[in-house]
Amino acid sequence: GYAKLDHHRKIRKGYGEVILCEGKSTEHLINIFKHFADNETDVLGTRASKEQYEKVREIIDVEYDELSKILKLKRSKYENLGEIAICTGGTSDIPVAEEAAQTAEFFGSKVLRIYDVGVAGIHRLISKIDQISRTNCIIAVAGMEGALPGVIAGMVDKPVIAVPTSVGYGANFKGVSSLLTMLNSCAEGIAVVNIDNGFGAGYIANQINRLVVGSIGK
Amino acid sequence: GYAKLDHHRKIRKGYGEVILCEGKSTEHLINIFKHFADNETDVLGTRASKEQYEKVREIIDVEYDELSKILKLKRSKYENLGEIAICTGGTSDIPVAEEAAQTAEFFGSKVLRIYDVGVAGIHRLISKIDQISRTNCIIAVAGMEGALPGVIAGMVDKPVIAVPTSVGYGANFKGVSSLLTMLNSCAEGIAVVNIDNGFGAGYIANQINRLVVGSIGK
Amino acid sequence: GYAKLDHHRKIRKGYGEVILCEGKSTEHLINIFKHFADNETDVLGTRASKEQYEKVREIIDVEYDELSKILKLKRSKYENLGEIAICTGGTSDIPVAEEAAQTAEFFGSKVLRIYDVGVAGIHRLISKIDQISRTNCIIAVAGMEGALPGVIAGMVDKPVIAVPTSVGYGANFKGVSSLLTMLNSCAEGIAVVNIDNGFGAGYIANQINRLVVGSIGK
Amino acid sequence: GYAKLDHHRKIRKGYGEVILCEGKSTEHLINIFKHFADNETDVLGTRASKEQYEKVREIIDVEYDELSKILKLKRSKYENLGEIAICTGGTSDIPVAEEAAQTAEFFGSKVLRIYDVGVAGIHRLISKIDQISRTNCIIAVAGMEGALPGVIAGMVDKPVIAVPTSVGYGANFKGVSSLLTMLNSCAEGIAVVNIDNGFGAGYIANQINRLVVGSIGK
Amino acid sequence: GYAKLDHHRKIRKGYGEVILCEGKSTEHLINIFKHFADNETDVLGTRASKEQYEKVREIIDVEYDELSKILKLKRSKYENLGEIAICTGGTSDIPVAEEAAQTAEFFGSKVLRIYDVGVAGIHRLISKIDQISRTNCIIAVAGMEGALPGVIAGMVDKPVIAVPTSVGYGANFKGVSSLLTMLNSCAEGIAVVNIDNGFGAGYIANQINRLVVGSIGK
Amino acid sequence: GYAKLDHHRKIRKGYGEVILCEGKSTEHLINIFKHFADNETDVLGTRASKEQYEKVREIIDVEYDELSKILKLKRSKYENLGEIAICTGGTSDIPVAEEAAQTAEFFGSKVLRIYDVGVAGIHRLISKIDQISRTNCIIAVAGMEGALPGVIAGMVDKPVIAVPTSVGYGANFKGVSSLLTMLNSCAEGIAVVNIDNGFGAGYIANQINRLVVGSIGK
Amino acid sequence: GYAKLDHHRKIRKGYGEVILCEGKSTEHLINIFKHFADNETDVLGTRASKEQYEKVREIIDVEYDELSKILKLKRSKYENLGEIAICTGGTSDIPVAEEAAQTAEFFGSKVLRIYDVGVAGIHRLISKIDQISRTNCIIAVAGMEGALPGVIAGMVDKPVIAVPTSVGYGANFKGVSSLLTMLNSCAEGIAVVNIDNGFGAGYIANQINRLVVGSIGK
Amino acid sequence: GYAKLDHHRKIRKGYGEVILCEGKSTEHLINIFKHFADNETDVLGTRASKEQYEKVREIIDVEYDELSKILKLKRSKYENLGEIAICTGGTSDIPVAEEAAQTAEFFGSKVLRIYDVGVAGIHRLISKIDQISRTNCIIAVAGMEGALPGVIAGMVDKPVIAVPTSVGYGANFKGVSSLLTMLNSCAEGIAVVNIDNGFGAGYIANQINRLVVGSIGK
């Protein structure tokens, strides 16, 4: 029966709720954060502007990170276990990578950050491959041509979550080029999330990692 | 150094090699299969036509499945461990689902098949949710509107690999509609592979499952 | 002959005239509103900016709603009859939903608002289905993946008017993803309007509802 | 609770089940038709090929119409009530129009067919407008430029369901041009279905008509 | 030989030179206008901003029209002969129509302006058809669905130059919808220019009209 | 009043009727041709297959040209007056050019054919420019990059009707590349018809030419 | 003056003429080959079908290669000088690579073929890099994700001509994905030709190589 | 082995490093420039804003050009040898052309600038062809229809690097129209870089030129 879904919702609450802040009114955001604060539920807000943060913190004691635009309320305490690697092609991809990293950390993973190892200078990546291949899951973030995830997946036998970014110009079409590259990769072991969706990548990479090392509270 | 990559290749060989048969000449295919047969390596060929199969089996003792178009040479013996669920929206999505299923089985997973549970009649899906949520990873295959993976991910807290299919017509644009639906899902825990890429989904789902239950031979 | 068309125009005037305010000069808008005010015709202006409202109300006594951007002049009095349901996937879709709701109310329908029942947490929707299915027509408004109308149409046997919104980012392409999802729905009983076109949905839903309960003044 | 959905399914069965035949194996199709024949349920199959028909009728006594590609099993008897109008721009749009017409007739409506009244010679349409405007709902089917639904909706105050067809060449892009025209119509009272989706239009037009004249069996 | 081209250039100069002002630096624009002023050549500048006008007129005595964004220097005197009609679907299309109208007037045609006669209320257009059909060439300007040129070409046997505008939203895609409608028109006697290219339409319509009534100076 | 339209139709009949044969059943085609033959009206059928021709001529004495796919019934006799030029970029564009040429000839123009003068070897074109510039209207037909119309319009001060063809491969996208080139031409005096629409170009070029030299029968 | 162009054509003739055979009638092809044979000019025909070859060789003694679809008439004798490297990602890209290779050889270059070194197994490529970097120009041919040219350009400081192929499926969109990848490459020293345009790549690579080693006959 | 790559990097350093400044934080930019300044390496920064320049020069003595947006640090001294030609269609394309020109000069080439010679007035180009054809490589920069590179390549037998610009409006789609024109050119000897990518063109043109005249320091 459907009742089980509610049960499932309760279990999932252990991890906390997620809010897409972009496009929400401040008033609405404050209500949501207050509601969860009252229910002792952790909240992860994504794509929050600095203005939204400033309004919300007048009422509730939230934390904000300008780079990743993550606005969070985290009160529960548990140890982060297991590691995921997050790689970027360039330095302009770092905001998206940080959205992924901080999402994964919020939900219980440790993160190994390997930034600016794009394929135009592939020796930088090769020197890190051993380290990367020891983690449970890899997030590869890249704009422009978007070749990084495919190259990593060709060298490492762990699941690779590919994140195209809108970094680029002209025939990049705001990330479409990278997205298509990643969807068409010849390497085995890649799955893709939406353009600039660091959150989505961090969430599923954490799911995978926590399945491997054991769920929280088990 | 790079030598480690070779080491990694050898380890991966335990799982076998993968060949995209579509677009290859029969002669070339036979050479590949013979080469691996001589090296006692398992081979998984995808998108093989019946004609290719008939030519190859004249030389080597391969198996072929018409529905999934998988052509394989499997000699190593080990127990499949851990389960993944594979769901489809309609019956026309089954060939792609079978490509995924047989790929995952080839590489060491057990597969729970839940076909024809599309969101146009959502009670069919709901009655199976408990069973689905007990597996380690879910592959959701859907054409036309492609809403299935999002609905599943909203109910289950396991990683969902979404596979858009080219089933549909008109503004479906040979799977683009489903692909976009899946990339834009609001539910947490989804990553997407290329249109009709059952193989890719089966491969990464198996990677995840085998990480959870332990790699082959460990 | 063509004369009948004019006759038809006169009948329709009972419902009032509709103006797309976006892209019109204030001067032009004021003229239109004045003209209809003089002819005792109701006017519904859509996509009006606050600036346009402020200029127009200096001359004529119009009403404005900031959320839906509807600017109206309504003087005729008649009872709203029959109900349509308006559902949204998220809270960011509410402005479009309100454009639909207030259009339908302007032309003579009652509106049941069921907001934030997106498919990522489908139990919220299921608990409202009975109530929804008792109305004469349903408007389903959704951005991102746009799966809501298809899921509703699968559960309810009333006409569903689907409104894609431009809410989302990346491969959402300003609403194209939702639009395609809705056009490709496998569920029976869906028709779609333009991205963000709450007005169009409200208009046709009211037409349907008023056909069922009887036209105004009959 | 969810049980009501099942209840609703049972009610809906009164109308019969719908099958998209395209892409289904003959074996699978025969099973479906047999299953429903055993349960005394009417079945409407769409996009069926002549080959599929010939195989199915060897087993079950189905009817087939080559123009609309509708394959049906209809045993229940009830009077068709209320009328919908179906208009086409050209003669090449007739197969799609017939899919709509026969779907609407299958589910309980009468159909007024007004074919080949495209806007390139608008006087043909104008001479029929009075007749069209007396029906409960209009389906307007057009390829190439797709202007017909907008012109009709500008003259008639009844809901118009617009069906773009893939008739055309070059920058028509297999119906995309017509689809966009229809979504962008300035006239009030239009909603759109997928390219070539006569079935979808016929289904929702029948829903609307039957709401107006009373459901079957009420 | 190629020398004839120069000869042709000289003849064409009788009509004056054309400058696309958008994207040019003020300094560059002033140079161009000064150069032609010194050579007693008329100049038509299109897509000029008010800022550009204000800078240029400090140096040269140019005229500017804010609606059409035309900046011009016209000293030669000759009678405008023959008439073209310029029709628009809505009032938002008027700036583009005025660019066309003022271009045609600049180069020697008389212009009949018939604005706001879109197909959503087709009787407005029909009442003007006789007048329109007496001109030598028709420019039909329309956004959103873009059906106007096709409807006019169906009623009038004169060449119709169709101008799609970027007026609209959502699936209009900044004029692509109107452009495709116009390219796919079933009516005879239509050719299309770029989105918002009033200049191009005015230029070729004037060419056609002047061929009919005789070239300037002949 | 609308009656005038009928009057206009009668006048236009002098030129004959046009039928798009592609997608029409033989039976339907035969009916149309018979109807017009009975009414002594000329008929121009476009995009007719050889099969259609063979069936139709069993009943009526029609003429067919395999290259242009034009199927015609022409009985009225009048002198063709005034000349249009038709240029192509390559030899593969000739079928489309012939559709244009034979359409223009059917309706009363003389045609100067200048084929295979594409811009990749521009001296071939330049040597013909004088001849071309003495006609009343130019049709420029080109595939691949589609630059021909712009280059001609830059050298000649007569209206240029541009016809993109689907000749090409890869990023030509079946004529989209040529279409865009033509719509974006910087040269003055170009308007564009649909991809491969030789008929449309021939029709409007003839309209222009006949306006200049005087209508038929005046 | 323009005469110089003719001079240039004569010089270029030294290299021979190029014909795109696809879409040309056999009759037309034979004429072209005969004409050049009579003028002692070499001819390179691309995209020729076997049928075309068989017809042409009945008349003239041409050579044909089925893999590259090149049909040629080469009589002049000179030494090929300087080397270009041609690399492919997979074996399915070989026909396009061979079109490039044989074009370059036809016009005077030596070719180093390095096939099947795609980035999914990057060590295969790395082991060849020294050899590749000693040539004068590199052609990198790749389908699916199209990452090969970028990776090569990152390792080698010679001009890289990138050729996207239509090899792939789904969101590859017949080569669009590879094309975009290559246009967006972050590596320095890449320029791109049309999808599947091996000829274009071979031609320009030969131009570059011959500039370095000296033109033919100098 | 991979060590050779490092060796190659050292050699390439002779030419200097390249930085894409757009999207980088000032802090990050300053670090990069300081690092290279300390290592006596030249640096070429592209797409730098004036603000970035002003911040960087507070710390390091860099040069900036507002037109091309190039920010550079050049200390090594060597003679520029060999010439490339850079042509533009219009004056609005000059910023992109300057990015190309200054890149080529930075890396060791002389540049012949031939601006504003678009095909709408082709005699301007023809008069310069001899001069252009004496250089080692040509960069052709064009927006709108983008026909310039094809016309040049048809007249000159040197490699042409085509640069589409985003100059234009409407169906230009921010440079897509020009990009497609260039990819589809029928002329021999063209390869294309990304929209507005003057840097990429300048880099590869310099590579070609320096190969012909000899590398720096050889």
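Each chain gets a letter, A, B, C, D, E, F, G and H, in the order it is written, and its residues are counted from 1.
Methods note: a residue touches a chain if its C-beta (ideal position, glycine included) is under 8 Å from a C-beta of that chain, and two chains touch if they have at least 3 such contacts.
Note that the structure is predicted; figures quoted are calculated from it, not measured.
Q: Between E-F, F-H or E-H, which repeats the contact pattern of C-E in over half of its pairs?
A: The pair repeating the interface of C-E is E-H.
Q: Contact counts by the stated rule: is the higher one at F-H or A-C?
A: Pair with more contacting C-beta pairs, F-H versus A-C: F-H.
Q: Please compute the C-alpha centroid of chain B, do the same for chain C, then give the distance between them in whole Å.
A: Once rounded, the distance between the two centres reads 43 Å.
Q: Once you find the CA centre of chain C and the CA centre of chain D, what distance in Å lies between them?
A: Centre separation, chain C to chain D: 25 Å.
Q: So which stretches of chain G touch two or more other chains?
A: Each of 2, 5, 20, 90, 121, 126, 155, 170-172, 176, 179, 183-184, 186, 188, 194-195 in chain G touches at least two other chains.
Q: List the residues on chain G that touch chain H in their complex, please.
A: Residues in contact with chain H: 2, 4-5, 8, 11-12, 18, 20, 126, 129-130, 133, 136, 155-161, 179, 183-184, 186, 188-195, 200-201, 203-204, 207-208, 211-212.
Q: Touching chain D in the complex: which residues of chain B?
A: On the chain B side, the touching residues are 90-92, 121-123, 126, 167, 169-172.
Q: Applying the document's contact rule, which stretches of chain C touch chain B when the two form their complex?
A: The touching residues are 89-90, 118-122, 144-147, 150-151, 153-155, 168, 170-173, 176-178, 180-188.
Q: Per the contact definition, I'd like the list of chain A residues that touch chain C in the complex.
A: Residue list for chain A touching chain C: 2, 5-6, 9, 20, 22-24, 28, 47, 164, 166, 174-176, 179, 194-197.
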